[in-house]
Amino acid sequence: MHSTEWSDEAFCRIIQEFPVLNREVNGKRLVYLDNAASTLKSRTVISKMTDFYLNHYSNIHRAVHTLASEATTEYETAREKVARFINAQSEEVVFTSGTTMGINALVNSLVRSGMLREGDTVLISQVEHHANLVPWIRLSRFFGFKVEYIEADNTGTITTDSILTAKSRVNNPKVVSITGQSNVTGQVMPIEFIRETFKDAILIIDGAQLIPHKKIDVKALNSDFLVFSGHKMIAPTGIGALYGKRALLERLEPFLYGGEMIDKVTFEDVTFNVLPYKFEAGTQDIGGAVALGYTIDYLESLGFENIQRCIEELSKYLLEELSKLDFVEIYGPRDETHQSLVSFNLDGVHPHDVSQVLDEDFGIATRSGHHCAQPLMSVLAKGSRIDFPNSTVRASVYFYNTKEDIDILIEGLKYVKRWFG
Amino acid sequence: MIYSEFIMDYSKLKKFHGKIENAHRIEEGKNLSCGDEVTLYFLFDGDKISDVKFEGHGCAISQASTNAMIEQLIGKTKEEAFEILKNVENMMFGRDFDDQLLGPVTNFYDVKNYPMRVKCFLLPWKTLELALNGEGKKPLKE
Amino acid sequence: MHSTEWSDEAFCRIIQEFPVLNREVNGKRLVYLDNAASTLKSRTVISKMTDFYLNHYSNIHRAVHTLASEATTEYETAREKVARFINAQSEEVVFTSGTTMGINALVNSLVRSGMLREGDTVLISQVEHHANLVPWIRLSRFFGFKVEYIEADNTGTITTDSILTAKSRVNNPKVVSITGQSNVTGQVMPIEFIRETFKDAILIIDGAQLIPHKKIDVKALNSDFLVFSGHKMIAPTGIGALYGKRALLERLEPFLYGGEMIDKVTFEDVTFNVLPYKFEAGTQDIGGAVALGYTIDYLESLGFENIQRCIEELSKYLLEELSKLDFVEIYGPRDETHQSLVSFNLDGVHPHDVSQVLDEDFGIATRSGHHCAQPLMSVLAKGSRIDFPNSTVRASVYFYNTKEDIDILIEGLKYVKRWFG
Amino acid sequence: MIYSEFIMDYSKLKKFHGKIENAHRIEEGKNLSCGDEVTLYFLFDGDKISDVKFEGHGCAISQASTNAMIEQLIGKTKEEAFEILKNVENMMFGRDFDDQLLGPVTNFYDVKNYPMRVKCFLLPWKTLELALNGEGKKPLKE
């Protein structure tokens, strides 16, 4: 019972793309519901990357031989695909090793460029992943800016009220850095409202969870920066991208220094290359970038709008079915802003035990823990009606999942509850 | 199957739960990767461990492990406790160990096949190690 | 005519590993002599990485399901292989995206930890790659330390004399950061002598060029840090490693902040995870790290000492044959410290034109330009007897090259000289 | 084959080499990726480009391109120079262009098939663009 977005035939092709889905885990067909941590990898993307590495690879730019020329063309084509995917210009797209790297780069570069100074305020939310939290709070020590929070209610939800409260409390934040979607509560954030509310702030969107299943148009959102990772949208690990408005990138000091990003270097000083090369120091992850390009090709070949609707349908079903279990406590909003993943707890059973039994007895992969959002756990604890274990179980879907997968999860949870009784 | 009857039973034991008000030593441990926490309270009688109790929360493995550890420790000398600890680690890392010394703790033998759960099992033991090594200090719970 | 280190049969297997070697470029068999920029990729390594991605991949650590457990084991096994390869402990090995990243991390982290302060001196050499030059000179602006140089003679060579001169001129450098081998002059640096001369300094070795063909033992060298990239030793792009002595890593503030590298996070502060996780923020390049592990397996299956001797033999031949051409000016030392690559110029022909004709008419891939070492070009210009074009041609070998490749290069250079006459 | 007879010949031309002492405009260009540099000296007669010379060094493509460009520029108005420039760029990026306007510069047509060399070819043209746009400034060589 796959999503209605796919014909049987289309879905059959999808399944063939992800060989691990045909694998057995502990004697059961694998039910992979850990997509929010990282998605499976596709045959098409990986085999195109293999072909690139084995038949066309060399280092890029700055060389006139044939292989270098082929590799450079592939690399720059991948950049164009990413740019088109988010409606940006090629020069505005910098390849990074992922979301975490992108945010760390921005914090340091904003400071080095004087765009974020001692005494300035950075506003983030209480639901941020550590990637968009720890760099800010730790570097605030060294650089003297302040970090303030948009507060979540005790279901872990960010409301327009809480955004307005933050606005009235925090005087003109210099930077607002916000996740597009929470990896714990599944909430898709009201980015448009945040943009409107903080017109003068530099807006950074952490797109890690959102971009795999929802079209992000940086121009329409009027976002200043966007960062994301490829591995959550079937690309390999180690590759991601940072988008920045051209005018801001021009002013921004680089984060990493080295080869390729320079214009002229003497023993005393250095001037930088043009955009986007200025931000790509050293040998790039050429194979990774090329693979991210192929990934976009693949997702677009399925129809990205179909992926989006498939996730909406599965998310709704997941939330509905989980809600029917009276021993399950669910976190996050209870409407259609809750997408692609659900965090929950079984009253009286530790999340680790839940995940372990689901894996052992049902072949279901879920994640349990604090999901790199420790401070949010203390918020959820306040709203919890059970003995909150400081962590949750999380089930997350992608386009190769089915309603049947969710049915198996539900069955599994009933069994766990009986077992630990 | 990691959840043997022994582990299920021991995970639910209540008798070692609680605080010892006049404890000679209090030690906290936590598991980075899952947020599990345990606080161990020790009473010594000369060189002997005369009583141990614990507070905290965690998964079935860590709860069962804590209960089994305490049961095994009470009445032993610190030196014997060190020996037990060493053999527990040997068991987890696939080295030779003395099953006489470990008694019912050998019921956790299979946990070594679940690398992600070894940490859960070891939480109370690592905390014991801190307690035995840090003799003299008596940190308070924050 | 391959190196005597390989039997015909062994060499035949090597050639099969690198399919691109069987490719034609401009109607000629490819002669790949651009290894110092990046090496070719092997079938074994890439196909093992493919298998990992398609059949065993998931995000690692912090999850109890079967795939996560398999992936974590693979990842940590790769770390052990790297550690063994350089004679370090596993906790002393941090995966990075490459050499450039490693050095940038060290500069920032040393400053943040107070191990490098305003007024302190960092000593590097005049032959450094931009990766070990630009981060120092640019960040010195922000953090107030000083950068001094060990000078090269006018062949671009670092001598023991120049090291002693630097010592007498520079008062107790806090950090000495030096390349293991120059990517322009091919010189293998006298690291032992540098270590002895600057006993109290923190020693950083840029291993990018050296590690692909020469065993590096961090304990024997008593090096404090070592950084290198996988892509110069047949691993994929985007992965590298940083070694640091445990005691130093313990004191060192992280460079990147995010998930996985933390212990406890609140809305106000953070404490860090144990080594080496403290330095691996965010989702690691899991596939890349695993592939780097397979790469080491492959190199060791050939016998790393055989690779080393093969490169020595080819380097000697390359240098000898080039020396016979009276219209060629060679840079760097003229003894056995000159390894794996040679930079040179043809009197009166621009390096770009040399490389272009070699590619078009002979299928030879060489590199021409400043090789990310612009300041060194001005040093070489001083010693040059020709109208120095501010750049050089560079030919570099790896274990799949043959003496025949070098013969074809020599033939090609004679043709180029005649053509541009 | 990128090195046509035309390109080889033009790369060796000497007649446009040198400085113009009383130049109305001096403009420098450089190619980041290979260190090639060119300095153009312009003399204007009203709106007409009456003389151009250059100093610098570079590969055969950039040298030939500079010589061919100068030959084509001398005697043209600034407006005509802009038109030529536009058509040169069109030629390099595979768009339609007016080969009448370009004359012998069309001999570089094949360079567009060598992405790494397009920059070499464009070096003098990009420098010309700076010169035409920056009218009035007269930077000195450092």
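Per-chain residue numbering starts at 1, and chain names A, B, C and D are given in the order in which the chains are listed.
Assume a contact is a pair of C-beta atoms (placed from the backbone, for glycine too) under 8 Å apart; a residue touches a chain by one contact, two chains touch by 3 or more.
Owing to the predicted nature of the structure, the values given are computational and were not obtained by experimental measurement.
Engineer: With centres defined as the mean of C-alpha atoms, identify the chain lying farthest from chain A.
Structural biologist: The chain lying farthest from chain A is D.
Engineer: Taking contacts as defined above, which has more of them, C-D or A-D?
Structural biologist: Looking at contacts between chains, C-D has the larger number.
Engineer: Could you work out how far the Cα centre of chain C sits from that of chain D, in whole Å?
Structural biologist: Centre-to-centre distance between chain C and chain D: 38 Å.
Engineer: What's the distance between the Cα centroids of chain A and chain D, rounded to whole Å?
Structural biologist: Using C-alpha averages as centres, the distance is 47 Å.
Engineer: Give, as an integer number of Å, the spacing between the C-alpha centres of chain D and chain B.
Structural biologist: Their C-alpha centroids are separated by 79 Å.
Engineer: Indicate the whole-number Å distance between the mean C-alpha point of chain A and the mean C-alpha point of chain C.
Structural biologist: 32
Engineer: Going by the contact rule already set, what residues in chain D reach two or more other chains?
Structural biologist: Within chain D, the residues that touch at least two other chains are 33-34, 114, 117.
Engineer: Taking each residue of chain C in turn, which ones touch at least two of the other chains?
Structural biologist: Residues 62-64, 68, 262, 264, 352, 356, 368-369, 374 of chain C touch two or more partner chains.
Engineer: Name, in rising order, each residue of chain D that touches chain A in their complex.
Structural biologist: 30, 32-34, 114-117
Engineer: Which of the residues in chain C come into contact with chain A in the complex?
Structural biologist: 18-20, 23, 25-26, 30, 32, 34, 37-38, 40-41, 43, 46-47, 50, 53-59, 62-68, 97-101, 103-104, 108, 112, 126, 129-131, 133-135, 137-139, 142, 149, 229, 231, 236-239, 254-262, 264-270, 281-288, 352, 355-356, 358-359, 363-369, 372, 374-375, 378
Engineer: Give every residue of chain D touching chain C within the complex, in rising order.
Structural biologist: 1-3, 8, 33-37, 57-61, 114, 117, 120
Engineer: What part of chain A is in contact with chain D in the complex they form?
Structural biologist: Going through chain A, the ones touching chain D are 61-64, 68-69, 72-73, 263-264, 273-274.
Engineer: Which residues of chain A touch chain B in their complex?
Structural biologist: 350-353, 356-357, 360, 368-370, 374, 377, 387, 389-391, 419-420
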